[in-house]
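The two complexes that follow have subunit A in common; it is paired with subunit B in the first and with subunit C in the second.
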Partner chain A sequence: MHSRRDFLSAGAALALSGSVTDVMAQSKPPIRIGAIQPMTGFAADYGALYNAALTLAVNDINAGGGINGSKVELKVEDDQFNAQQSVLLFRKHVNDGVVCVLGPISGTSWENTAPIANAMRCPAINSNSLKPGISKRPYALRLHPPDDTMIPEGLAEFRKALPQVRRVVIAGDVQEASGAAGIEEYARAAARLGLEVVDRVSYQTRTTDYSPMAIKVRSANADALLVSSLGPTTLGFVKELETQRFDKPILVNALVWAGNAFINAVGTAGSRLYTLGFATSERNQGNPAHEQFDERYHAFAGETTRLSKPINICNTSLTYDSLMMVADILRQKKIDGNTEVSVAREAIKDGLAQMKDWRGVNAIRMRPSGDGHIQAHLLRAVSERKTWEYALPPAERINTPYLPS
Partner chain B sequence: MIQDHLFFAGINILLAWSVYIILLSGSLSFANGAFMAMGAYAAGVLTVKFGLPLIPALALAAAGTGITGAALAAPALRTRGVYLIMVTTGITFCVQVLLENLDYVGGVGGLGGMSGATLWHVYGLVALVGLGLWFLSRSHLQRMLDAIREDEQVASALGMNALYLKIVCFGAGAALAALAGGLFAHYMAFIRPEHFGVLVSVYVVLYAVFGGVNNLWGPMLGAVALTLLPELIRGLASWRPLVFGTVIVVLLLVRPDGLLPWRTLTLRARRP
Partner chain C sequence: MLAEQIINGIVLGSMYALVALGYTLVFGVLDKLNFAHGETFMLGGFVAIAASALGAPLWVAFPCALLICGALGLLVELLSFRKFRSADAQVTAALSSLALGLVLIDLVQKTYGSEPVSLELPLEVRTATIAVGGIEIAQIKLAILGIALLLMGGLQVLVTHTRVGRNIRAVAESPLAAALLGIHVRLVMQQTFVIASALAGIAGVMLAMRTGYAASDIGFTFGIKALAIMAIGGMGDLRGAMLGGILVGIVEALAVQFGLGKLGEIVVWILMIIVLLVRPGGLFSTGTEQRA
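And now, the complex of A and B:
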């Protein structure tokens, strides 16, 4: 039987351990981590969305005593969704002594930054971009599954959800790298799944009049349309398709799932719209960790940002995971704020290289290409609630990974 | 970050001078972004795919682009004023679309793997080109170019081959833009066609106009000021583009001939 003195001793020990952790965290210099986000300009919504996830992760790490007694200090730089700025800011972070850089978020910026991360020997983690083949081991890794797995997996579910679809048109932005890469992935996946591609329709980021493309799509008389382009471009295209009363299902790759603006603006043009993703704000979808994150994220982002409501949770949890992953590696490698920056960078690089699987909010499998894999699913736009929901119930979803060699 | 700013300031000085050289003969080019792209891709292909060292690759890229620029100038310079602006803008669009559809250089995906450009390369070139322009500004050739710029018909009547000199200037400007592009590509490590859109050409002209086009120092000052200004006002966040634009508009209203409007006098003009 425990005496009252035992309880008091235990309580004192706990209080002491808590205060000791606090004192240690205060006495050691912070661990500096850099982030690159578009905080101003047309893509500022993306920055606000992902920055909230990063801040939430920093708060969680520091509330738990930091990393081996050092607090995390996050320095966010604004690249305005501009690849040249991303490169400059990446160099700035490296020269400022951060142990790793999270971002930049766009595929174009990531493609520009990944080689520089290797040249400057500073780890960089991307958790948003989609274009396949642009991560560069060992220093530049991406947690987000690229389109070479998302499109085949998602299109398989699209096929299952809409078995009447046999003939498709592929449309996309041929000028933008992620859009163009998505078009090719659609073509490969369609051939593999036995879908007949009856036509290809291309437009460009600069396009303002989508009516000729919409007419071409309609005249192809296909069962469905597969689209690959960034949110603002896709929005113009699907609005034109709605004007021309195109009433077939439209599948757009995850370029429209990410971000907050598209789903809030698509309106009735989204009534037959699908996308690809791995998380929604729905409950009981088989990932309790994400449900918990979703609740906390909405409360936090609702208070700290001016994002239009409802906030699209999309892949924000992956940004949260990226920082948690770095913190976990640093803890395991006994790195703190006193460790030399180059040593900390090498430790993170080695930790990432050794990582095969990661289980945080998301379960991520790391591929040899330096990209993460998370099973992609088909999501449908619910226009009236301005949100994405799973198109199929959990039991009917396809959970067979498609992992190209 | 300071090294990056210095590097890009140097690149922009070269680009501003590439416009200045063309302006010397009274022409205006909105194609220098395209020439920059041609130099960037040509030098990138030569170093990445053919293994050439950086400096010979830059020299070959500049020579090729200069010849292409001169060849394009021959028909383009038959037009003047707003028509010439439209033709040169068209060249920029054409080059961008061509690069987007050329699989050999990566298409929209871009070209990567370049490296090796340093501040020494850029400022060595700035010093060389600056010295060349300084000698030019004190030479008889400058007087001939002044004459062609002020009145091409009178200059021709005096026996000057105005079209030839304009083509030479256009080709030299294209070659200089190509050198800047080659260095840019080997500093950035990765380039795509969208890096060289029409906006780049507009900015390059703006550097020259902002600083003043009557002497070689004006474009240099304009390029440095407009490269560093956005960084100095980075703290203004989303207000930055508005403040940047307002500064340009106000300064061009107050000083329509640019920050340094004086004309460089040639040696002959200085004699009593």
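And now, the complex of A and C:
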């Protein structure tokens, strides 16, 4: 039985250890980490979604005493989802002395920033974009699985869930890097799975009217439509398809799974809509770490952002993991705020290069291409609850990774 | 399918025309470009969203957009054009209106977020069709086309057969001469902004009805296209704006039909370059008689 004195002693010890850690953390300069997110402009909601995950990670790291006694100081820059801006802000972060940069988030931005990360010898981690082949080792790594694994894995489940689908139309945004790349990945995966592509329909980001494309899709008389474009663009397209009474299944790549507004706004146009992803807010899906993150993230983002409710958890945990991964490497390499920035950057680069697997909220396998792999699954839109859920029960999901060489 | 695409192009073109008419009216009267006009159009869509959120029937959005966007036109005139009436203040006025437009976007984004907001229309309203000559045409598209044609016709009558229209044409011809004739030039300018902005607001409501959502960035994409249409039709020429809008709508629809969807939004710019090379005054320009 514990006496009152024991409790007091334990409390005092805890308080002392906390204050000792705090004193240590305060005595050392902070470790500065940069982030690039769209905080204003048409994609500001993406920034709010991912920034909440980063802030949660910073809070968790600092509440645990920081990294080797140094607090983490996160500096977020706003690129307005503009690739040129992303490049300029990346340079600014490097010149400001951050040890690494998290982001930018869009495929086009990542494609332009990754080579600069190598040229400037500053690690950069992306946890959102989908276009394959644009990460650049050793300094620019992406945790998010790109479409060269997500589409083949997800389309295989789509085929399993809807075996009547034989003929498909592929449509997509040819202007945005991830959108255009997704179209090609669909074509390759469809050929591999024996699906006949009867037509291809192209459009551009911010197209003002999708009805000509919808007429073309409808007239192709396919069994299903495969779409690759960002949320705001896809929303206009699927709403128009609904207006034109297109009643076939629609599969959109993870570009609509990521982000908050699409699933909140799609309404009845989402009644036959599927996407690809690796997490939902459902319980008992085999990842307790994600369920715990989901609960904490919703509470935090619900309080600190003005995002529409329910907030779509999507791939936010990967953004959280990216910062946790950097913190872990820095801890292991005994880096703190007193370490020279160039040394810290090299340590992160080496840590990332040596990493084969990461187990945080997500279990990520790192590929030689510099991209992460997490098995993708087919998700279905549940319009009335404004959420995504797994289309197949756990036992029926395909868990065979598709890893191109 | 081709006929369906052409009808679809005409419907879209009629909305382009309504926005282009606003640009052309202001340009005709002031010789200045109102870069907040696209955002006034965007606001029309959000008026429809607000009306829907308040549980009002959709038709209520039209008079609301007319009033709110018309009033916004007055504000734009006051803040961005009143002080910059001289001929050499074109850039200042354009920049001022551009800044005002950006403020509007920011305010809408702060209220509704940066991503598209769904306009919940009953599905049967959006999907109801009428068969005309074997072609299924959405009733909502026909309604939009009807309203747009009515507004364009009404504007034409207003400009050519009413006192307000005569005053607008007089100021467009020469503000100084109009003032000497006793026309209240400032009032005419205010009226022009109200008419142009109200038209844009209604076009914004119609686009939201048509697409099922409103987006804060639509003012830029739609507005800049309407500017090109004004150039294609002839700067300051009302008939040119109407016909140019419909022409662009049809060309865009046909571009997708014939596999040129990759060109997307640049179709209008290519068309503008070609038209201006062949007819620098614009396709339908007939001098000043139809200038606003």
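By definition in this document, the second predicted complex is superposed on the first by the 386 of 405 C-alpha atoms of A that agree within 3 Å, B and C clash if a C-alpha of one lies under 4 Å from a C-alpha of the other, contacts with A are read in each partner's own complex, and residues count from 1 in each chain.
Note that a residue touches a chain if its C-beta (ideal position, glycine included) is under 8 Å from a C-beta of that chain, and two chains touch if they have at least 3 such contacts.
All values reported here derive from a predicted model rather than from experimental measurement.
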| item | value |
| --- | --- |
| Clash or fit, subunit B versus subunit C on superposed subunit A | clash |
| Touching partner for A:P132 - first (subunit B), second (subunit C), both, neither | neither |
| Partner chain in contact with A:P146 - subunit B first, subunit C second, else both or neither | neither |
| Partner chain(s) touched by A:P115 [first = subunit B, second = subunit C, both, neither] | first |
| First, second, both or neither for A:G372, with subunit B first and subunit C second | neither |
| Touched partner set for A:G41, first subunit B, second subunit C, both or neither | both |
| Touching partner for A:E242 - first (subunit B), second (subunit C), both, neither | second |
| Partner chain in contact with A:R91 - subunit B first, subunit C second, else both or neither | first |
| First, second, both or neither for A:D78, with subunit B first and subunit C second | first |
| Contacts of A:Q175 with subunit B and subunit C, given as first, second, both or neither | both |
| Subunit A residues touched by each partner, larger count belonging to subunit B or subunit C | C |
| Superposed model, subunit C segment overlapping subunit B, candidates 98-106, 134-142 or 152-160 | 98-106 |
| Set of subunit A residues, in rising order, touched by both subunit B and subunit C | 40-41, 44, 174-175 |
| List of subunit B residues in touch with subunit A within their complex | 1, 3-4, 8, 100, 107-110, 112-113, 115, 188-190, 192, 194-195, 234, 237-238, 240-241 |
| Residues of subunit A that touch subunit B when the two form their complex | 39-41, 44, 78, 83-84, 87-88, 91-92, 95, 108, 111-112, 115-116, 119, 131, 174-177, 180-181 |
| Subunit C residues touching subunit A - in the complex, by the definition given at the top | 1, 4-5, 8-9, 12, 106, 109, 113-118, 120, 123, 126-127, 138, 140, 210-213, 215-218, 221-222, 225, 249, 252-253, 255-257, 261-262, 264-265 |
| Contact set on subunit A toward subunit C in their complex | 40-45, 174-175, 201-204, 206-213, 215-216, 219, 231-232, 235-236, 239-240, 242-245, 259-262, 264-269, 306-308 |
